[in-house]
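In order of appearance the chains are A, B, C and D, and numbering begins at 1 in each one.
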């Protein structure tokens, strides 16, 4: 191993991009990483990849080292939204453009990054809520919802929660009767759902912040002798292949897509940025809301 | 001797009571200590001496009674308060910090300071001074754990003396010291006494007690037996009071407990060491031990007795030389291999090298035997109880409960447990390093008899003790060490006396 | 009876369970559903089983004065390897495949345990660092095995390990009971327990009585790794998938907590397997309590902190003595604190 | 009896061998990096090591005190997070002046450490549990303050965060580095040259002996946790400068990094033996591993972990093999 920056140099105009990833905490994230790596290879771009293992410090360090290594463009998925001003200013001083993926930063200084490519977690929560409102349109009896949150404090968990509640609070019949964190994992999702099934006399809807938790919860529901998707309606986010399979079996009612395959879009963006072209500040990824029949149709082409 | 009756005691306790779960360690004990006296606290192992000292100095809270210091009732909440009140104590086990230097151990808590910071050179100078005061020659900047137990005991004494307190308490300070050091210590004690310090002294060596003490208090099973002037109580009577019986014949066993080895002097050696050495620890030495023979090692503090013995047990690696057991050359690389060759080693420092404090008496006793059998062949519970109870009775271990935690036993009783551990392994060569440290007169005689009996049955014994009388009583031959070199091997043919051994040590004559 | 060392942990567990009863009246109800036992208590046992196993291995490691931080990674690696093997097998549902996958997981765990053991016992690295290496690298290995993705398997026999039932009882619970009993038998019916306690209590003295400490120490790390591997199989089998990223994350903390709550001291020496089992169940019951009584996730940790500290205070003899004294001697002048009574004579 | 003054000096010198070995290995590791990667051999890379790890250094210094007494403090990461959260919340949401907030945060951390030390000492509960409860509590409090991260835009904080203190040769450090170096210097003096420091070592050598020698065991024990609490909150303040945000998920797992740094630096977890400068080396080792990884720049997420573990392994192994096996 080694010779990191050597190839960056000898190939004069070959673009070098420093990409700092949050970590590898989920299948979604890994798919995201892989998509970026593949796309870079395809586009003939040298990718400097750094995994921060969920630590903002590490990401800051990685960005610093990208600056030191004089990469052409820095791209990164921020662990959190805040706290980037200092290091981004350093990048700016070094005249290295910065592109954000997946998550925005909440800096007041607009000049710190050129573009943000990714999904909007609040929007995802809203879409989940919208589906629910539509599903129960015209009915008046109360709807008991249980929620499986993501890792406490993480941005997707916070945003998907707030987007969802924003939509459903307009109607008093929707009631979140229990809400616990399932840490975005199947095992936790199952464990928490089992407890819910015992402590809640009536559950109509499950809203899970990601597919893994929903898949875990489905097992718990089945073990309790109920039919997921029928006795308890399930709303989930992400759109991983396993979830599509479950959906095609009728176990998940709706899945709000959160697309990790940003690689090609990112590489396009990077090239444009380097070429000095004007790019939009906000690029949303193409994401849909999948219902059961759509899922069955899309299943064969799901990549991850 | 000062006239105490006219004086007010500097320290007095009345009706002190101390209970531990299941044991009443002190039951209404009265005790007084006058300025300018050396006062002995006497009693069997487990009589409550150390507990009294610990209650006095606030280590244990008392369950009743009062402590009066300089005429005022006081509550001493802990050793720190005791020190501040002018009571300086050397507890029975060495209680120093092995990781700190000797100098720091002597002065920690009272370090000389400059600008609020520890004044290191001054600290070393003062420590060296205090060490020299006891006529010792120790490098005070070396870490404490590079020294043997005996030296550590001396350092603890130096620390206590350095305080120049009103009251000095010494709990078995001489248990592993030899004559020279005891003499030095006594000189210091006399000097302090003459300055008006009250000294409380605990020892199982009656001769020492009679040499230095003015008065004594005898405890029996946690109760006060009585207070006597040394001059008015004969040794035999003292022994009787301590064990609560009638005065009988002198507690001392007959002059010699030793028996002639069954096979005579020309028996093949069980173990033969040729030029065995460990650089920095012990110079090359030759030693043979025959079956049924008890070989003693004598020497001054730090002369290398322990080091020599450890090589025979594989506790340390030898850097040269060879060992033959029953004629075959063996390499003693670990204690395990030594044990498999039938060697047992009872170390001198029971606290750090011997006992497992958290385990029970029973577990500690069977440990070596069990280790030799391996974990797959456990001794059954009943067998363990049998063994434990047998040795508890044989050595008079108190309390006689095999399920008591060893760390809660009195020092002497712990020593007995350690001894029992090795006696049951039925070794061919038993190495005993200061086996009778802190053991009371009665039990000591028992143990000596036991060792002699075992040797009579064909076991070889290597016996190390700072008490030359004991060595002479037991051993057929005495190896004399000096400056980590075996300088002489003297047959104990009746003409050997402590004085002649001392002379050999002093002259370093080659045999 | 209050003298027994399992008394206080048992009280704590009972109180936690009773607290649930106040919120969920049928908390103690156990029904038969689809031919197997169903109820909150069963859940606690079921989800607690992996933790019990990991904590069991940890107990023996801690008894020798060590610590094993790598169990979480071992959990992940075991699950990942097993699922990978099953997912690549021609016939994922055949018992042969499953047995092979279990064997692979256990064999690798054995290697990991030996690695820890050698580092600690032979090379002489401090246990916390030795196992930290595997904790960090092992998580990477698990991710390498799964390719960072979740491997989903559909295999009936594999599902049995962690998610199935046998004689109406969760198989995982039975497995845990068997392992606990075997461990108890192994440590208390042979001399292993005594020798381990001796090594942990005083390593120097243990060497001098001829105990082969390094062998024993290596053995407990191997045992710990195997326990963790079985726990890893359970966890992954329960959700029929392997998650190299998250499986067993922070389980080492829970396991150590379980051991300590169960009354084993982290300094080594005496250990209590019964205490550990109770400790693990306490921790699992605590999680369940949090879900059932609906503590919001953002206050969960605060709640946990209070429970943990209360549990420890109740178990602390010093605290109980003080509490009793305060009540009984309000009039008497305050007494100075007893100084470590039972340790004073060493 | 004989004594050999030379032997004493040699013995004293030998205590520093592990420290020396660790430094040599560190230099070796740096050299390997320099040969392997362009731009690695620069003063700024070295200084960045300090800039990026200033807060870890401060936290590890506090941890050194605790570990030297034979204890452990698991709460440090959470206290760091709480400090960032408290700072951000008070400054941003309540508009308190930073000059008030920073001392307040330091007091909170110190008091938290003090209380944990007091519980550990007076109820004889194992430090592991008490500080674990402290960790839960501190993190839990973060979330009760806010579940989101709070950005800091206060000019004092940003100024502090973005100030570069120029050094000769086009190099710079951040103010945090100066704070950290100051903390190390003060801690060094306290540990090696004051009574408190010596009592810390004595306590680690043998708590019972320390008690019987009449040392203030209670005070010392509580003090080390208070020191650790103080260092954690100061580390939190530095992290707040570094990140310009408060967040409940900051510094997750930092306690392990701090403990690892202390132990890699040669301090025994059983207490009583070790040096503060060892801890500094330990932090640098961890930082350097991280730097090597980021310069390597082609590792996938899992290989990152495996390589970190591997480098740690090689380092520890060399350290052990060179220093030699300690006697059991």
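The definition used in the following text is that a residue touches a chain if its C-beta (ideal position, glycine included) is under 8 Å from a C-beta of that chain, and two chains touch if they have at least 3 such contacts.
What you are looking at is a predicted structure, and each value in this text was computed from that prediction instead of being measured.
K.L.:
If we look at chain B and chain C, which chains touch each of them?
P.N.:
Chains touching both chain B and chain C: D.
K.L.:
Centre to centre, using CA atoms, which chain is the farthest one from chain C?
P.N.:
Result for max centroid distance from chain C is chain B.
K.L.:
Whole-Å distance, chain A centre to chain B centre, using C-alpha means?
P.N.:
71
K.L.:
Roughly how many whole angstrom separate the Cα centroids of chain B and chain D?
P.N.:
44
K.L.:
Using mean CA coordinates as chain centres, what's the chain A-chain C distance in Å?
P.N.:
Centres of chain A and chain C (C-alpha means) sit 33 Å apart.
K.L.:
Where the centres are mean C-alpha positions, what is the separation of chain C from chain D, in Å?
P.N.:
29
K.L.:
Tell me, which residues of chain A touch at least two other chains?
P.N.:
Touching at least two other chains: 24, 30, 33, 152-153.
K.L.:
Mind pulling the residue numbers of chain C that touch at least two other chains?
P.N.:
143, 148, 204, 207, 297-298, 300, 337, 339, 343-344, 346
K.L.:
Note the residues in chain B that touch 2 or more other chains, in rising order.
P.N.:
Residue numbers touching two or more other chains: 59, 78.
K.L.:
Would you please name all pairs of chains that touch?
P.N.:
Going through each pair of chains, those in contact are A-C, A-D, B-C, B-D, C-D.
K.L.:
List the residues on chain A that touch chain D in their complex, please.
P.N.:
By the definition above, chain A touches chain D via 1-6, 9, 18, 21, 23-24, 30, 33, 37, 48-51, 53-58, 60-62, 64-65, 68-70, 80-86, 89, 106-108, 151-155, 158.
K.L.:
Sort out for me which residues of chain D touch chain B in the complex.
P.N.:
For this pair, the touching residues of chain D are 1-5, 7-8, 11-12, 15, 189, 193-195, 198-199, 201-202, 204-206, 208-216, 272-273.
K.L.:
Can you tell me which positions in chain B touch chain D when the two form their complex?
P.N.:
Residues 59, 78-80, 82-83, 89, 91, 95-100, 104-105, 108-109, 111, 113, 116-118, 120, 136-139, 141-143, 146, 159, 280, 300-302, 483 of chain B touch chain D in their complex.
K.L.:
In their complex, what parts of chain B are in touch with chain C?
P.N.:
Going through chain B, the ones touching chain C are 20, 50-51, 54, 58-61, 75, 77-78, 93, 313, 315, 334-336, 338-339, 345, 347, 351-359, 363, 366-368, 370-379, 405, 407-410, 421.
K.L.:
Can you check the complex and tell me which residues of chain C touch chain A?
P.N.:
Going through chain C, the ones touching chain A are 23-24, 27, 33-34, 38-40, 43, 47, 143, 147-150, 152, 163, 235, 238-241, 243, 245-247, 287-288, 290-294, 296-298, 300.
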